[in-house]
Each structure stands twice: as structure tokens, then as C-alpha cells.
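Chain naming follows the written order as A, B, C, D, E and F, and within any one chain the residues start at number 1.
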Amino acid sequence: MHTDLSEPQLWEHRSTLADPDGVDEFWARTLAEARAVGGPLRAEPVTTDLRTLEVHDVTFPGFGGEPVRAWLRRPVAALRGDAPLPVVVEYVGYGGGRGEPEERLLWASAGFAHLLVDTRGQGSGWSRGDTPDSGPAGPQVPGVMTRGVTSPETSYYRRFLTDAARAVDAARALPSVGVDVDPSRVAVMGTSQGGAAALAAGALVPDVAAVVAQVPFLCDVPRALAITDADPFHEVTRYLARHRSHVDAVLRTLAHVDGVVMARRGRAPARFSAALMDAICPPSTVFGAFHAYAGPKEIVVWPYNGHEGGETEDERGALAFLRHHLRHP
Amino acid sequence: MHTDLSEPQLWEHRSTLADPDGVDEFWARTLAEARAVGGPLRAEPVTTDLRTLEVHDVTFPGFGGEPVRAWLRRPVAALRGDAPLPVVVEYVGYGGGRGEPEERLLWASAGFAHLLVDTRGQGSGWSRGDTPDSGPAGPQVPGVMTRGVTSPETSYYRRFLTDAARAVDAARALPSVGVDVDPSRVAVMGTSQGGAAALAAGALVPDVAAVVAQVPFLCDVPRALAITDADPFHEVTRYLARHRSHVDAVLRTLAHVDGVVMARRGRAPARFSAALMDAICPPSTVFGAFHAYAGPKEIVVWPYNGHEGGETEDERGALAFLRHHLRHP
Amino acid sequence: MHTDLSEPQLWEHRSTLADPDGVDEFWARTLAEARAVGGPLRAEPVTTDLRTLEVHDVTFPGFGGEPVRAWLRRPVAALRGDAPLPVVVEYVGYGGGRGEPEERLLWASAGFAHLLVDTRGQGSGWSRGDTPDSGPAGPQVPGVMTRGVTSPETSYYRRFLTDAARAVDAARALPSVGVDVDPSRVAVMGTSQGGAAALAAGALVPDVAAVVAQVPFLCDVPRALAITDADPFHEVTRYLARHRSHVDAVLRTLAHVDGVVMARRGRAPARFSAALMDAICPPSTVFGAFHAYAGPKEIVVWPYNGHEGGETEDERGALAFLRHHLRHP
Amino acid sequence: MHTDLSEPQLWEHRSTLADPDGVDEFWARTLAEARAVGGPLRAEPVTTDLRTLEVHDVTFPGFGGEPVRAWLRRPVAALRGDAPLPVVVEYVGYGGGRGEPEERLLWASAGFAHLLVDTRGQGSGWSRGDTPDSGPAGPQVPGVMTRGVTSPETSYYRRFLTDAARAVDAARALPSVGVDVDPSRVAVMGTSQGGAAALAAGALVPDVAAVVAQVPFLCDVPRALAITDADPFHEVTRYLARHRSHVDAVLRTLAHVDGVVMARRGRAPARFSAALMDAICPPSTVFGAFHAYAGPKEIVVWPYNGHEGGETEDERGALAFLRHHLRHP
Amino acid sequence: MHTDLSEPQLWEHRSTLADPDGVDEFWARTLAEARAVGGPLRAEPVTTDLRTLEVHDVTFPGFGGEPVRAWLRRPVAALRGDAPLPVVVEYVGYGGGRGEPEERLLWASAGFAHLLVDTRGQGSGWSRGDTPDSGPAGPQVPGVMTRGVTSPETSYYRRFLTDAARAVDAARALPSVGVDVDPSRVAVMGTSQGGAAALAAGALVPDVAAVVAQVPFLCDVPRALAITDADPFHEVTRYLARHRSHVDAVLRTLAHVDGVVMARRGRAPARFSAALMDAICPPSTVFGAFHAYAGPKEIVVWPYNGHEGGETEDERGALAFLRHHLRHP
Amino acid sequence: MHTDLSEPQLWEHRSTLADPDGVDEFWARTLAEARAVGGPLRAEPVTTDLRTLEVHDVTFPGFGGEPVRAWLRRPVAALRGDAPLPVVVEYVGYGGGRGEPEERLLWASAGFAHLLVDTRGQGSGWSRGDTPDSGPAGPQVPGVMTRGVTSPETSYYRRFLTDAARAVDAARALPSVGVDVDPSRVAVMGTSQGGAAALAAGALVPDVAAVVAQVPFLCDVPRALAITDADPFHEVTRYLARHRSHVDAVLRTLAHVDGVVMARRGRAPARFSAALMDAICPPSTVFGAFHAYAGPKEIVVWPYNGHEGGETEDERGALAFLRHHLRHP
């Protein structure tokens, strides 16, 4: 059943979330600091059972220069041709990590260089990760939604989204560590939490070629808290049920990382998707970001799906969209 | 928590399920009839976004000559070399189908010809399918476990396992439709229901090179009914709760398709896996088949997993196992 | 709690479901074919423990002439008098069958000839059945909602509703096999799925004396999919979540069997019931059919009941309603 | 899955529950007091839609002379013949009541006089009742299991089982209010809580012709508390979790009404049934009573059923059993 | 997520529940009768481990003069000073009782005399009680909501609310049994069911100094039945689902004890609280009572809490509120 | 129902968990480092509504010298007498924190100085906390069980148990910040996770006067993983299901903090409790620690309770036990 507004209502709906004061300065400073501290970029070949693809184990400097892991997959040399490949940077969903080298083969098999970015401190749920989180973890609800949530400075998602932006920097720098890609053609994509990261990376890093945000999470958090009891949004509700005096601070913190706020800063062509039976990222929160998006945009609506959204059928659309915008037919 | 016996107990446990009278004649006749009716084999190239693999949409004659669908994936010609590739025939788990052409890329990316066989009448759950079932569907519990279950002749699993055996025939015949593979090197594999199909195909078709059965379903059904309430085994319980006079007939029917009975007829080297926290295919039912297996065998035990078993880590073991037995390093 | 609109809203609500093109021709052809193929009618006395009623095991030709089972119960001869009895044809709810001969004694004990019709392929849930389904079962979700659902021709409910219509024919023909009833006084009734069958039989067979549809299922399917997650409607949602390209075909198929479309073709006096806390057949779907009903009509609303509706209290009303319309005081 | 011991183990299992001191004196005094206080017996004809049966609304004096309701159903005079009918007294399951006059027609339709006894203070769950409970309701868990449970004198089940015994007295006295039955042929039966009542009535009232206890409740309570978390046994667990100092008193109280203790006092031929997948009345508690039963006995085991047990198939066996012991072929 | 109206809507919402005819006479008569029958007041010192507080075990005459238990806690003499203390009479939530003497120490530790009133017939759930209920318990759903619910005279809540009013009388009479408190300064408070009792005591007993009703239960019952399926409101729904002909009588009975009706009779300053995610006492039912309240009033809204409401943070507000109105700084 | 062994079996059961190599050196070094880094102790008076107790907001140096919060509650001066009070140090259960100053008043009201220690990084579930955790949070399952779990050095529970030991040091140093208590009389106690902390503090800090561990958590972790699926033990299972290669490292880490290993190092008189229906800390894990306990010991068994154990009734026993061992009658 529909978990939220009907499709006609979604086309009319607009988020009422306001930009928090100083959000642009906050992110400018955050990224400047992360870039200033820098840190090594590494890409080590991995021996796998794969014969059509080659895989590098990438480590790049994220928030605070902390090492973040990723897999870079691409077709073997015999298939690559002479021109360097464009890069699709992908972020993953809540609870997961970059997984095993032999997983998530679609994008490289489709001819792209594919940088699948790990998620700090998660990577123990539906897929495995290798990247720790840092920073004090104040009293919090289990999960990462409320880790450091009393201030934008200490928020988990400040670190996570900085990693996301720095992953684009890392993708562009891969030739410096011997992985020949085209730094001028980098796109970002992700599903759910990964979609939130893609929106943020597209907003925070200039000249991203395109953004794909499939059933993105973390959009219009205040509305989400009012209309769904599903985790991970509900982690925030549980926190506020206990820390009643933190409501303003928490909502202010989360506004700094909200997909709606990021969308207002997006300039690259963007493709969204939403599902009318999605109880985890209700479609009105996605449409809130979509309508706010400042660049060229399109959205696919899946009328009978939940949070799984369009799955491979969404990927097909994303492949066509990115082939076009990355000029990689 | 453990859902069944402890690992030391599993190594001692033996299934008490007896072979049903005439089971060998039953299967010999069934396969002979299916081969006699024959039917066309087709393999049509599919246009996909993939650049490292090519995909054929295969249709082969299954039970009663009815058309069964499959995807044949293999590396593109530039990567294949001159020698025809060995084939890994894979069957899928309950509720699913062969999925989309762009899914399940591991085995072809690892250098094998990979024939992913659709499942008749399922293919609407965790992955999509394109193959209908046939035959009368007597009063039954939703699902396929009890479709036609009052007699081995009409049982759904007679049709499904015949398809599984005929898929091996089809794999060997692919060169006849222009897909150059090595018919002398064909292995079968599957997970859960797919593992049951692999055990059956290995038992029913001579000269299969190897069998991989990961957390296989459909083993020692009478014991499973007594120790788990999870579907799909529980479909049978619900049926017998209502059709109380059918107990003997139903258990006799299911013995004809039971993995333990099939295992006694296995000759190819086989690799099993089992998970100690698996409530869907409890490990004692898997060990029942493993101990009964008549050929060379090994088993991997995942102590902290449920029915997901070893996932990619199981696949890595299976890749090594099949590289060895298919002589495809 | 209310699962749907309030009662005042229900009285205003109208279904927006349109008749599918050619639906009248579809059903005319379907029934003509079923009648053309014909098939034997049988009624065999059953020995039971009952002393006040006698029971016949009836087999009649349904869709495609396939044998469908039913129980015919009526008072023993000593109580029947000279005049042949009117017949109440009853259809049963999802998952069930005609049950045991000793069950469902109310209508015969109340002095009617009562033909309780089995349900093809179900009969393994809350009551037992003896009638198989036929026809290819394409990839489907467990249950019958999506069996053959890509086309009206292959839809399970085409077969089921044809059986329902042919049961009226069979009831009228009972004197030909020695069961003396009055063919001019035949009414149809049912609860939930049985109510859907009653609406269809009343629409498709001329001169049915009356229709009773208690909390009927299968009305206004598109709306039901949007407002409930309860099975069996939810089977369709799960199918469409996986078979995303089939939405139009599936909705078109289901419109051919929708209770709203049938209601527009009803002419006999009809009695509906609906329950305000029904999550399985939400009351707005029932009211959709009720408001569309073309003949004389009444509806009973149960404000504090779920899908159980009015149970024996509904039956009392139905008894009075049918005594009147069957002229059998 | 099996919820308890396997069938071979059940045949070996014996309850360790001891008779509480003075239990015989307790019940002798209780019944003597109930009979001494007496009270009116009434049987008023009810107008119903039934044409094959006639129904009386019976009121008889139960515990403390309080009025208890029942339905007396029997074939209409035209079918009864000259000899008075034997009576089957039936008690109902937890939460229910005597229901509507038009419900539960089997036993009268099978030719018996059938006295369906209401349950004090329940009758608001799966069927409706009309009889209040009396007596102080000390702090208790919702439900009746712990009402007055600190002492045998105040226990709900003292009152309920006294009603059950007095129902037999009432059945025998029906001719005094113009309902002609044979007082020398009275049997008792029931399912679940009704089975507990039947065991008690058979133990407490001399010369009951036979006892049928289908999946009886309230047997070997201490064992039940240790092996099941299902209500209504679990009401006692919740009470003891809160009233920790009442353990001895509560177990002593419940021993006075336990089916095992009653079974030791049974003399009439008895038929039990048990179900191996019954989580509500686990089969070892039923077998505890069965093995303790002091009279002639038989037991039917349903291997794939839960607490629904054998339903109509159990009833068929009960009909044959009672036809024999009530000499009513 | 929000379980009911948004906060702006709550400020506009008004209950449509009408006062039942004769409700004032009903309560005047009920209380007059309870006072006329009278009964002993006792207060016995309890030996506990507490060193800062002393505790009396209080027994006072409630409905029908029946003994109701309570704990009276207050600071030890060394801390009390010369002036008698004001009394806070507290009522407890559904299922609980007065608990152990060593529990619920806040109010006495804060310097008040605190009379914690037991709940008749409950006291076996989240806390323990010692007070039985009386009166016939007609056919009912487990719990107390439907005990005697067919008439205001026999309703459980008539007895419970009379106890609540009589607890105020008892508090004022404590000096007569040697517990020196100030009878002119008595306030009432409670959470959930306890809040319903506080509203009633404030309405029924003159000169109560203040009322605190935290997330009060039993307000606008007809609306609650329509918008929530949570117990204990849902007990009424289940009763009406079975006793369909009792709807009018039951709603009339419950209107006599409804918090909205009581609120219209409140005169003392009152403090309410409500929680926007409360599914048990939905906030619109609380606001219904709040808006109807006839005296000075305030309400605290907890936006991210369920039925736990504000817990200690609500208590802090209540302490300040009662310090002011009881003139006890 | 029993969730684990029967009571007679529990008395025979012994844990097979071995001490990990070097565990004593590990803890000696850990505590030495924590003490070496030191840090400020603070105790600031808190203004509350309480009139019988006074409360200090305590901050003490825990693991790595990091500030940990606590509440120190004690009777007001007028009630304390001249002698300094003994201190009961209490630790809290999983998910909670030290709560509000006005909560958990029992121990101070009973005449003890009561230091209620906050829990790092939790404090957002059933009660509120104010203390952050530190240290990298590697890929982990939500919650703290698997935070840093690949090594004893980085394990969350190393930090938590060090805090617990340092809380005893802090209690003894309270006179240095103006809170006059008797440093020679300090006991530790806790429930569930708090019980694990009490066992550890008693093992790691010399001369603790007594230990109370009510239904303690974290005992015999390998057995717990095999017999329960309840969180928080199940967090470890989920982690190992995903990080399959970490099994040995994780079990080795958790052995360093296991209650069984701690119990072998206990010397103070200890009081345990266990509950036979506890699914969260199954009683055999508690008995494993109890039987291993090296000092004088006693255990209370609650036969009908789950993880709530004996609640206030356990507290009463603990009060008597600690009055005796702290010589504070």
C-alpha cells in the first residue's frame, strides 16, 4: 500500500525545511580542512578469481585525513582500449560496506571504472566493510544516526559526507597512483544512504559530471520523523524521545547534512528515483529533495515497490543516464 | 543461536529416510520420457549494457518438452581464447527466477560459461523469472511444495528436477546452436533449492564433472517437518494439517525428490555447505544428505550464519573447487 | 480502528475503476465455450453421521468442462414436503474448499437445498477442498491471485468465476440426476472471495433470484492495492514489485474479474455487507461495488468488525433476505 | 515442527504432579454445597431459522446456585421417534461462550440431544456467551486463569468446573422441564478448556456414560508453565512473575483443578486426542492426563496439527465413540 | 511517527462526545452511596529499608465500602517540620498496582505526603497490587475495560473512579488515624489510567487543589476506538466485534466515565500532557479532554514520545505545578 | 517457559570457557595506564526537587583519563549522623545511562551513599546518559558489543570495565572533593550489564567489600551465542555472520571481558541472581559465572521471571546483603 502521498500529491509537495544558518561556510571549512590535512592515496592490485575485471584496493584520505577504503574495478586491459575510462563513484546503503572484491560487478562489467566507496564504521550488516569511524561517540542510540548528533561539528554524517566528497577527489587522483582514468569525467551515484552521499558529493565538489540518487535517504529529516517509524530515521526519534531537550540542536545538526539542503546546491544533471510503497525513505522526502534540486533533473517513480525501488531496472536507467553524461557510449 | 544439532552431533547424525520403492525406475522413466519428447534448443544473443560479458537468452526443453528459460553468460570473445569454455550450470533458490541479464555476473566474470537456469512457475519473489509451470494444481497450499504432492507423478518437484537434469543436456548441446562450450566439462551448482537441483542433476545425469550444493533445501523432509516451522518446508506441514489422510502419500512423494535419496546416487565430486544457525534448511538435514552422498565429498560449516550461509565466501570456495574439477585454472 | 474511510465518507465514495474494453464479449465467449464443452453432472449420496440432513457429493463441469466438486445438503425426505426446494449456491473464501460433509450445516438445517461449491486449486487452508486447478502457472507469487495474471485469458479468476457461473447451471440441472430441486429458484451467496463469486455469478447468469455478498473480495483492485498490505490483495503488489513492466497488463486482467465491474452488470436483488475495521477487504472497495450495483440493493455495515464481518448475525439477515426472494418462508 | 516430545517419548512420559492434600474432600464439599443451594432449571423454546432442529434456551443452577446458560438442540419431533434421546453435554474452549442458537449444529444434526454449556465470564472472544462470573477478582492477570488463584476456594476454575458437573445434573433433569431426554445416557465432551471440563465432569459426577477430551487444556500445569509461553497457560507465568511469593499457593490451587488429578478419578470410557505441533496444550500435558486416566481409554494423535487438533475428523471419531457408549446407533 | 493529528490540528480539534443523560445524577448518587456505606480507614506503619521516608499501609473504603489499599509515604519526622504536609494522591496506570513499599519514592522524597492508591483487580502487570475487584463479571474480554460494561451501574470504571474519589476523602481523613497531613491541601495526579482517575477525582470531589493528568487514558472513547488498535482501548473493540447488539449500551456506559465528560466538570487548576507519537492514548483524545476542561489549565506536548510521555521531565513540571498550587515551596 | 537448563541442571552445569592467555597482565596494564593518566575528580551539588536526599554531579577519570559522569546521592545532612557513610557503586544496564537526578532513589533513601555510574556512549535507551565513548569504531554492528571487537586493546568493553574499576577508585576519593564517605566500605552492584561491571570491578579492584550481580550479562559469551538470539548477545552473532574470518579474534577479545573469567578472580562476598525464563542472559551463563566465582557466594533463582529477574524483591535481598557486608545496619 502507499506509505505516503499519492503520485499527484508528490508532484505538488514541497519541503518546508530551511537551510541552517552558515551551512555553506560549514561545508566550505570542513572540506578545506580535510583537504589541508590530506593523507596518502593508495591503490593496490588485488588477486581475485575474476578474469574480465581487475580490482584495486584503494585507500584514500577522508574526513580528518583518516584512511577510507574503496574498491576500484574496471575491465581488464585487453578490453579497455587506449582512452582512460570515466569513473563512477558509488556509495553504499545503511549498515553495509564496500563488500567483497567479487561483489557488485555491474558497473565495471558495463565498461566503467567503478570506485565503490566503503562506509566508515558500518560494514557489518548486509555487506562487509573495512573502514573504522573516529571521533567521540556521545550518548547515542545504536547505529550512526545519532552519533555526535548534538552538533554539526561532531555529527557522524559530517564525517561520512566529507568522505563522500573526498572520494571524488581520490577518483580524480587515481592516475597519480598508476590507475589510468579520466579525471574530467567523474560521476557519483548511490542508493538510499548512498544516494544521500551522491547528492552531497554533487553539491560539495565542483564539476561532478552527473548525480544518480536512487531512493535517497536523509532527505527532509523533520518530515521523515513525523511520517515513518522505520529505521534508520527512527533512531533519531528514539534519541529525541530520551534526550528531550536536544530537539533543536539535533534538528539543526541534521539540517546540515539533509538531502534537501544539498539538493539546493546541486548543479550537475541528476537522476532520482522514488517508490510509492517505501516506508524507509518515504517518497515525499525524496520528492522534497527532487523539487529542491537546482540543476537539470529527472525522477523515476516505482508505484508498487518498497525501499528496494527499481533495482536492476533502475540501474539500467542509470547506466543510460551516465553513459550520456560521461560521454561513454 | 543454533537452530539444530551442535557441530559434533552433526558429524554423527545420519538420516533415517529410506529410499522409496522404485525410485530409480521412476527417475529413469521420467528422464527417458522427457528426452523422448525432446523440443527445440535456442540461444539468442541479448543486447545489454555489459561490455566484458556476452549473454544469450537460452530456451531448452524441460519436463514434458516444455520450454524452460536460462541465461548463458560468458566473457566476450576477446577474452575467451580458442578453447571452448567449461560450463557451470546453476539453479536458483525458492521463489526466484533467472533474474535480469545484468544480474549474477560472478561466474562468467570468473571465466566460465555460466548457464543460469530459470525455475518454472516461481520467479516472482527475490528475483524475476520467465518460465511457467504446467500440470494440474490440485488443492494445495500457496507455493509449490504441495502442488501435485499426492503422487510422485504429479509432483511439482518431479517437473522441476527433470528441468534441472535437462539443463545439463542443454548445456552440452549449446555448440549445436552456435554457442561454443566444452560439453565434456559441465558442473552443476546451486544454493538452497538450487542446491537440491544440483544434487538431483548430479545424481540423474551421468558424467557431471562436479556438484556444488550450498545450504541445500529439500533434504530429509520428514525430519525437517519435525524440527522447523519455516517456509517452504512448512508449506508441507500446513497441507498435512488440513489433508490429514494424505500423510503417507505425501511423504512417499517427497521421498522421490529428497536430497538424501539423490545423494545416495551421486558419483561426482561434491562440495556441500551448511550453517549452524539456519532455520530454513536446518544443518542436520544438510548433513543427512552429505553423509549419504556416495561420491567424493567435502562440507564447509558456517557457525554463525543462518540460511544465507557463506555467500561470497562460499562462492570463492566453489570457484576453486570447480576450477579444479573442470580443469580451468 | 477504522482501516479506511468513515461511514459517511463511504456513502459518498465512488470507484473510479473503468470497465475494460470488451469485457462483456470476453465473458460471453468464456461462458459459451464452457457450456459448449459441457461435461457430466453427477450427484452421489454420501453416508454421514447426519440424521436430519442428507448430503450428495456433486461433480459438475466448470471452466473448460473440468470437473468441479460441491456438496449438496438438504433436509431428509421426512422434512422436505412435496414441493422441490429452492437452492442456495454458496462459494467459499480464499484458501478454503468445500470442507467436510459434516461442516457448514446452517443453510440446509434452515430448510434450503444448499450447494456448497469447491474452489479450484485452493482447499488447503482453513477448510479442505478436492478440486484441482488447471492451466499454465506462469511465474507467480504463491497463491492464486497472480496465476496467469498477465492476460484475462489465462487468469486464475477467469476459471474460478466461470466455475461459479456454471455452478448455477449445475444447480438448475440437479433434477436431471435425481436431486429434486426447483430450478426456477436459485440464489447465490458467499463471503469474501465467495462474495466475489456471488457477484460474478449474479452478473453472468440470467435469472438468479438473489445475490448475497458478505464483505466481498476482489472489488476495486487498483484502490485495494493502494490502501492495504494484507493478503491476498498484497500478492498482486508483490508480483508487480518484481514484474515492473507488467503493471498495465495485470491491472487490465484484474479489471475483467473485478467486483465493481461485475456489480455494474447485476440485476438481481443484492445484499452486501461491509466492516469498518476490515483490513483485508477494506470497506471502500466493498462500497465501490455496492454503489456500482445496477439492481435493487442493500448493505449492512458492521462498525467494530474486521474481515470476519457479521458472521452468524449476517447469516440471519441473509436467511431472511433469501427466504423472501426465494419465496420460501 | 514438534512443540514437545516425540510420539515414542509421549508414550513413555508420565506426569509427576501429585494430588493435593484433601482434593477429594474439597470437591465433595464443593458439589454438595452447589447442590444444596440448588436453583431453578429452565428450558425455553427459541424461535430460529432452523427447520430440522429445535432449540431451547436452558438456564441451570451452577456454582453457588448461580444461573448458567446453555443451548439444548435436538432434531425436530418428526425425526425423533418415541424413545427419549441420549444427551451429549459439551463445554467450550477458552474465551468463547455458547455462541448463537444457529451455530454448532453437528451433534443435534447427528441425532443427539446436545447441551452446549456456556462459560461464565468468558464468551467475548471466538464465540459469544451470556453467563457472568461472580466472586471477588483479586489482583490478577487479564483472563480467568489467575482470578482468585491464591486459594482453591476462590479460584475461577472451582466455579467453572462446578458448573460443568452441574450441567450433567441439569441434563438429567431436563424431563422435569418438559424436554424429554434419557437421563441414564449422558456423556460429556469438549475441546481444549472444554476437554478439561469434560474430564472434571466425568470425574466428579457418577455414572457419566463416556468422556471425550479433545486436545484438553489445564493438564499438568507445572509442566506446561515450564514448556510453553502460549496463553492461557502463560497468564499464570505472568502472574507468578509479579507475585513471586505466591508460587506455592498458586500451584496448589491449580492442582485442585488439574486435568491429571481429575483423570485419576475418571471411571467412564474416555477418548482423548493430542497434536504433536500443539503449542497451546503441549501433547505431553495431554499424555500426562491420558496415562493417569483410571478408566478405559483411547487416544488419537494428530502428527501435523497444532491446537486445532483433528477438528471434524476428531468429531467423526467422537461420534462413533459416543454412539457406541450411549447405545444410539 | 505521529500517530494522530499534527500539533496545529490538535489545537483546533474538539471532541464531539456528548454528556450522557443523567450523568451528574449518576455520579452524585454513586458517591453518596459509597459515602453512606462508609467503612474503616486504617494506616499501619510498615517496616522497610528506607531511612529517609516512612511508609504506612493504608486501607480505605472505596466503592460499596470495599477496602482499597494504598501506600502513604512521607519524609521521616526529622525532616517534616511542624506544619502538616499537603497530600498528593496518585493513581496508577493500567495493569499495575501500588507496587512495593520501596518503589515510587519521588514525591515523598520531594517533601510531600504521597498517597499512592492501589487499583482494584489489576496489580499483576507492570507493578503489583493488593486490592480485589468485586461485582459480577459478565461475559467480557480479558482485562477490565468491558467488565460489566453493558450498564453504567455495573461498569468496572464506576467502581474504580469511585475509589479514586474516595481516596481523596481518605487522604483528608488521615489525621483521624494518626497521620498528620493538611486536609485542606490535597491534589490528585496520575499517568494514563491514573490520569483518568485524577480527572474524575478532580471533577467529583470539591475543593481538590490541583489536578495533574499525564497522557491520560479513557478520554473520548468513541474516537479512540476509531483511531487506535492498541490495548486497552482495543478491548472495547473486541467486545463490540463479538457483542454487536451492545454498541449503544457500551458507548453509553463508557460516556459516564469518559475523561472528556469529567473534564467538563473540572474546576481545579489542571496540568495535562500529551505525546504526538502515543498510539495508546492518541493525543487527540487527550486534547479532547483538555479543550473541554472547565477550569484553569495548561498542557505540555512531547513531540517525539510515545505513551511514556515526558516521564521524569513531566514529573519535574508536575512538582513545580503542585508546589505552587499546594503552597509548599 | 524455561529458556535454558532446568534448575537441577544449572546446579551441575560448569562453563567450559578458558581464560585467555595473558588476561591478568592485560588488565593489570590497562588499569595501571588508566591510573597513570589520571584526571580530575569533581563533585558538584545539584539543585533538585528532592528534600530528603542531596545529589552531586560527579565526574571522574575513566579509561584513558576520559571524564565519566555519575550521580552521588545520599541522605541530607540532618539524617546522616556523624560517621561517614559507606558507598554503594552501581552500574547500569545495556542502553541506559545514569538517568535524571530524581530517578533511582532507593539506595540513598535506604541510607547509603549511592554512586550511580554513567555508561560511556550508551544512555539513549531506557534511561539517559551524559558520557561519550572514545576510540575508533571499526566496522561494527549497531550497539557497542562489536565496537573495536577485533582486539582486546580496542574493545568497547575494555573501556567500559576500566571505567567500572575506576569508579571504585573515585568513590574512595570522594572525601578529597568534599563529599564525606567512608573509603574503606565500598561495595559494587549492578543488574544485567551493570552486573557484568560489578563482577569486573570486584575482580580488578582490591578490597571491594561486596559484589551484587543481578541477572548479570556478558557471562560465557560463546555459550550465549549458541543458545540465544536476543540482543545484545546477538549483536556478536550478526557481526560474525558478516565478518566470518574474525571468529577467533572476536571470541578471544570477548573472553578478556567475560564474566566467567572475571568471576574466577573475585574474592569479595558475592550475591548473584538468575531467572529461569530469561532469554537475554540465559541462566546457564549466569550459573557459569556463579560456579566459577572464587570468593564466598550465594545465588537467588527466580523461577517464573524473565530478564527483569527479582526487581524490588532482589533489591531487598541486596540491601540486606550489603547492610551486612558494609556494616551499616
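Operating definition for what follows: a residue touches a chain if its C-beta (ideal position, glycine included) is under 8 Å from a C-beta of that chain, and two chains touch if they have at least 3 such contacts.
Predicted model only: the values in this text are computed from it and were never measured.
> Work out which chains are contact partners of both chain C and chain D.
Shared contacts of chain C and chain D: B, E.
> Per the definition at the top, count C-beta pairs in contact and tell me whether D-E or B-F has more.
Ranking D-E and B-F by C-beta contacts puts D-E first.
> How many angstrom lie between the CA centroids of chain B and chain D, rounded to a whole number?
Once rounded, the distance between the two centres reads 51 Å.
> Where the centres are mean C-alpha positions, what is the separation of chain A from chain B, in Å?
37
> Spell out, as numbers or ranges, the residues of chain F touching 2 or more other chains.
Each of 313 in chain F touches at least two other chains.
> Mind listing each pair of touching chains for me?
Applying the touch criterion to every chain pair yields A-B, A-C, A-E, A-F, B-C, B-D, B-F, C-D, C-E, D-E, D-F, E-F.
> Considering only the defined contacts, which chain F positions touch chain B in the complex?
225-229, 237, 240-241, 244, 247
> Considering the complex alone, what residue numbers of chain E touch chain F?
On the chain E side, the touching residues are 49-53, 75-76, 78-79, 99-100, 102-103, 105-106, 108-111, 312-313, 315-316, 319-320, 323.
> Which bits of chain B are touching chain C when the two form their complex?
95, 97, 121-125, 127-134, 136-144, 146, 238-239, 242-243
> Going by the contact rule at the top, pick out the chain D residues touching chain B in the complex.
Interface residues on chain D, with respect to chain B: 1-2, 6, 277, 302-306, 308, 310, 313.
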